[in-house]
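In what comes next, chain A is part of two complexes: it sits with chain B in the first one and with chain C in the second one.
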Partner chain A sequence: MRAVRLLVWLAGSALCVGMARAVGPVDQPDLIKHRAIVYFATAFVGLTIGVLVWERRPDSRTGLLLTALPFVEVLSQARWIFWNHALPVTIGFASMSLYAPVFAHLILSYPTGRLTTRLDRVFVAVVYAYATTSALLFLLFFDTRAPHDRYEIECWDCALPLTHVAWRDVHRASHVLDLTLLVVAPAFIGLLIRKLLRATPGGRRIELPLSIAAFAAVAQLLAHFALNGSPDSPWTDTPWFWISIVVSLAVPLSLGVGLFFGRRARSAVADLVVELQRTPPGHVQEALARTLGDPSLELALWLPDQASYVDSRGAKVELPAAGPHRAVTVLGSSDSPVAALLHDPALLERPGLLEAAAAAARLALENERLQAELRAQLSELRASRARIVQAGDDERRRLERNLHDGAQQRLLSLGLALQLARAELGAEANGASSLLVEAEDELRAALDELRELARGIHPAILTDQGLGAAVRSLAERSSVPVRIVSLPGERLDESTEAASYFLVSESLANCAKYAHASTVRVSIARRNGNAVVDIDDNGVGGADATRGSGLRGLSDRVQALDGTFLLESPVGGGTHVHAEIPCAS
Partner chain B sequence: MATRALIVDDHPSFRRFARKLLESAGCEVVGDAADGAAAIAAVRELGPDLVLLDVLLPDMTGFDVAEEIAAGGNRPLIVLTSSRTASDFGSLLRTDHAKTFISKRDLTLAALAALASEAA
Partner chain C sequence: MRVVIADDSVLLREGVSRVLADEHFEVAAKVASADELLESIAAGAPDVAIVDIRMPPTHTDEGLVAAHTIRRRWPDVGVLVLSQYTETEYALRLLEGGEQRCGYLLKDRVLDAGQLASAVRRVGNGEVVVDAELVARLVDRPRHGSLLDELTAREREVLALMAEGLTDRGIGERLFVTPKTVETHIRHIFAKLQLPEGAADNKRVHAVLTYLRT
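Our next item is the complex of A and B:
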């Protein structure tokens, strides 16, 4: 393919040089000869840029179309430079009208080289049809020797096209065809604006320079038509000649600017390498977004353990299906991806850039991935801790219920039976009766112990009436006087209520056992989505959460719910328990 | 005429012994019910003087049952009872529709006899 492009470039260059030189011997004023050199040099520049773009993006049709454009220009001039040779005249007429459709095709299909919408395809097809019709009219019926008032000078030794059939006056028909340009050109402008509006921001940035050049070209055509009644500007008209040269150069040059920006982006990759050294973990996405010029870029890191993508916070990410507004590029090999970039499809027009940036970011990405993995594991761990606490609470609740419904009920019935037995015996059986009284006392003690046990496992009042009532009931039973400062009036979620309750219950028990306190203050308040629990006594202090399993277990329970636990117990300064537990409801 | 009593409790063994205990206390046990709905129906049908009402029933709480009974025409003396203690119920026990609460642990012949004579 490279050889084909080289051949095309050589052939095109030879054509430009040959045609420019051919103007020399022709009996023309020097002005025309000089302008011929400028004209063909312009075509040569267009040809060279076209082949370079073609070389860089061989799979896109843009390079091919850009290369075709100067060919069409140059060849169409053959009809007057070699006016007395039939073949060049034929080629000249054949290529004369092709400029417009190739131009429209190039602009509307940039940068992918594909016409993406149906309307674009129809439009380009119509312009090709127009050009073909126009060319056929001239190839079949035009005769340079016939008297024509506008198109060519009368020329008695001009060659006829090889395809000439008979003379017809094509002047009027071609005039009509010229007028259709007046319709086609605004339609083209409309399609171009529509294309720009539909483009993603990144795509628009790429398309804008060429679009401006295209607008200029169409404006020049329409202006010349309006002022002179013909779309083609002759070489003798100084301002129009130079304007047409500038416009002809603008199209390939604006495409070249895109290439230049591609280079600039590569140096941005070099900046990225430096920047990533200073990028803290979790910010590689921003660095990549800046380098690639796509603020919408998202980074999804592959976690092999979970066989899924996560973002930098460790949350799962589903890769979207590629569409007109979102593209996905997987970095690394397909069987062991490192990460995926979710980005503006316009970046696909610069695949080298994406790869270069990804290669530069590889180490940082690896690091980022480890961080994300850690975070994902951490959040999984946290969730599982919370689940364990929840499961424990559920189990305690079930146990309490079972004790209440089972053993406790049977013992209560037994107590009633003993009472009845005592009543049946009456006053006569004194010995047996007092034995029964003892049995009843024993039974009552057993029931009390069982009830305490059940309450310690999970108090029914907490399940049925919530934290406020449960803590009030704790306070009533406490041997140290309790002053309740505040309690939540509403229900909180089960885990928060259970953790808060056991925090108060354990603290009150410790206070009664060790603190020698005369009063203890309990406060539970909702603040910023947390249940804030404070238990302060005025005892001897010196409690240590790391010793003894009671407070230690509570600290673990609070942390499992993502809360914080703080114990302050200076010797002689009382004991202060402070905990904040997130509560959803 | 003996005090007509109704027993509401979901445990059959408790109902059995409670019946004997009430009878020993001089009541006539006119019926029993295992859940709240049956209790409300039984009160309407039998018109008892005394209802021994368990707080934790399978379909509703004894407090709700007491309220329903009070809303009907009958005004029996309602005695709430439970295997739990008063402190397990906290503020819920402040009900206008029940005469009193006796924990099942403290359900004695003497206490029942006193209530029976009050209900009669």
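Our next item is the complex of A and C:
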């Protein structure tokens, strides 16, 4: 590709030099000769900047369009300079109208080289169609040797375009086409303003110099049109010649200045360095967004352990594919990235700014990355804690079920068998019979114990009927009178129900054992997406959650579900357990 | 009396069936699931269906659900639910289908042939049965400043028997007093506990159990 660009540049330069020299032999005043040199030198500058931009940003179409612009300009002059050769005349006519569409395409697609909105695409297509029509008009029907032509050239040795078909008076049609420029030019200005308004502040800063140059070019065209009745300014008109030279230099220069010099960028980076010292962790993204002028900027931090990008909260981020609306810049080397910036593609016009900002933010980013890593680990830890609690509950449920469906059923059948055995023995063996009665009594006691054991592990009523029924059942069994203030009527999610239930169960057990309370109040209410559990007794107080495994375990269980647990137990002031557990649903 | 037995454990099914046969019941069918139970009742209605509360597929409260279906579709068939749990909630759910021809008995009672037979017979005769252990726990639970303290010892006895589902005559027989006396006791109990008069007739077991658990 580099060879292609070099070739294009050499060809363009040769063309500029050749054309400038060719003006010489023509019998023209010196004035024209000097202006030709200035004109083609301007084109050469434009060409050179265009190729450099193309070289620097090969993936953007901007460089290509910027290169095409002086080419079109230079080639269109061929019809005057080599007026008596058919090929140059044809090329000249073919390229004379192309300047406007290439120009519009370049400006509206800057900086990505892609037209992002439908309206822009339609507009540029219309302008290309306009140029083609107007070129065809001249290529097919224009004849300098025809009489009464409006240009009144009547040049008998002028060459006809190779594509000439027949003479038609193109005067009127050409004039109508010129007048359409009066609609197209304001429309272009409107689209350009729209583009600037839609850009991010950073993007606007980048687009502004070129946009001003474009405004100037269009204003020049309209002014010339208004004053002279034609959009084309001949070299003989001194003021217009210099104005048009300045304007055509302004476009490539404004682009080159933005690209090669980044004074404002450096001062912005200096501000960033200062700002980062005051930036708390987790806010580097905002600081970068401000510096680069792109509020949509997102920071993705690379975690080598997970081999993935995360945001500052530790949540996973997928890098999007680069497109016309989003660009990705990876900071650090490609095999060990530090972070990636997801940003407005306009910022790619200032790779220097991006790199400088990233270098300035490097330490802060490293810090940010460690924080994000920590947060990712924390959220993973929290999730795994909740999973462990869940697994414990599942296991308890399974155990309870197995006790009922296995051991209990077997003991019952054993009891039935003993009964039958006793019946078979009848009155014959008194001793054996009384032994059997004893065994049956033992068996009944075992069944009672088994039932209470299963209940303690995980009551079936909690699974089947929910928290309300299960807590009421606890209250029935409590040795301290329980007053139930409120219970949820609806089912909550499994983990919340289990945590609330065991909280009440353990608190009531503690109350019975240590509190010497005469009454205990239980309240479970749903508030703001939380199950709010309160258990208050009027006992002696002095309970300590850090001592004894019961309350400690409950506090852990509640916290594993991201809830809060509070124990207040002043000596002589009763015990108050308060917990808030988020409901998953 | 014709009975059907539904329990997913074959050992228990056979054991209970033998105990009841010895007590002169006619065991019409022995089934392993709620669906089979409903089919067998449709084929020939028994006097009492004896239903395990835990049955396939989820082993939670299939028995209770089946009991409700039976009571709705065949009001003349009694339902005795055998349960592993001494939970008032389940007994109340059963009673919500109407206070007749139903019972909630702890499964351990199958080991006491006399108790089991008497419960089946009572249900078959249209009475209500609530397991005595469950009632005892409710009556004996500690209370603080309760209206129950106002009751005499005899009235407490009557209250407990009422909660077990016994009729006035049944209570009288247990306590060796006339039904008339029992009626007087019950009137006093309702007045002292401030229970609504209307509940005394056909919803008294539910009313008393609800009162006792709160």
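Quick notes on this one:
In the analysis below, the second predicted complex is superposed on the first by the 319 of 585 C-alpha atoms of A that agree within 3 Å, B and C clash if a C-alpha of one lies under 4 Å from a C-alpha of the other, contacts with A are read in each partner's own complex, and residues count from 1 in each chain.
As a convention for this text, contacts are C-beta pairs under 8 Å (C-beta built on N, C-alpha and C of every residue); 3 or more make two chains touch, one makes a residue touch a chain.
It should be emphasised that the depicted structure is a prediction, and the values quoted were computed from it without experimental measurement.
Model built by superposing both complexes on chain A: chain B and chain C clash. Of the two partner chains placed by superposition, chain B and chain C are both touched by A:R472.
Of the two partner chains placed by the overlay, only chain C lies in contact with A:P481; chain B stays clear of it. When both complexes are overlaid on chain A, the residue A:V23 reaches neither chain B nor chain C.
Comparing chain B with chain C, the partner in contact with more residues of chain A is C. Residue contacts after overlaying the shared chain place A:A423 against chain B and chain C alike. Of the two partner chains, chain B and chain C are each touched by A:R444. On chain A, the surface touched by chain B in one complex and the surface touched by chain C in the other have residues 404, 408-410, 412-413, 415-417, 419-420, 423, 444, 447-448, 451, 455, 460-461, 464-465, 469, 472-473, 476-477 in common. Chain A contributes residues 401, 404-405, 408-410, 412-413, 415-417, 419-420, 423, 440, 443-444, 447-448, 451, 454-455, 460-461, 463-465, 469, 472-473, 475-481, 484, 518-519 to its touches with chain C in the complex. By the touch criterion stated above, chain A contacts chain B in their complex at residues 404, 408-410, 412-413, 415-417, 419-420, 423, 444, 447-448, 451, 455, 459-461, 464-465, 469-470, 472-473, 476-477. Per the touch definition, chain C reaches chain A in the complex via residues 9, 11-12, 15-16, 18-19, 22, 54, 59-61, 84-90, 107-108, 110-111, 113, 137-138, 141-144, 213-214. For chain B in complex with chain A, the touching residues are 11, 13-14, 16-18, 20-21, 24, 56, 83-85, 87-92, 104-105, 107-109.
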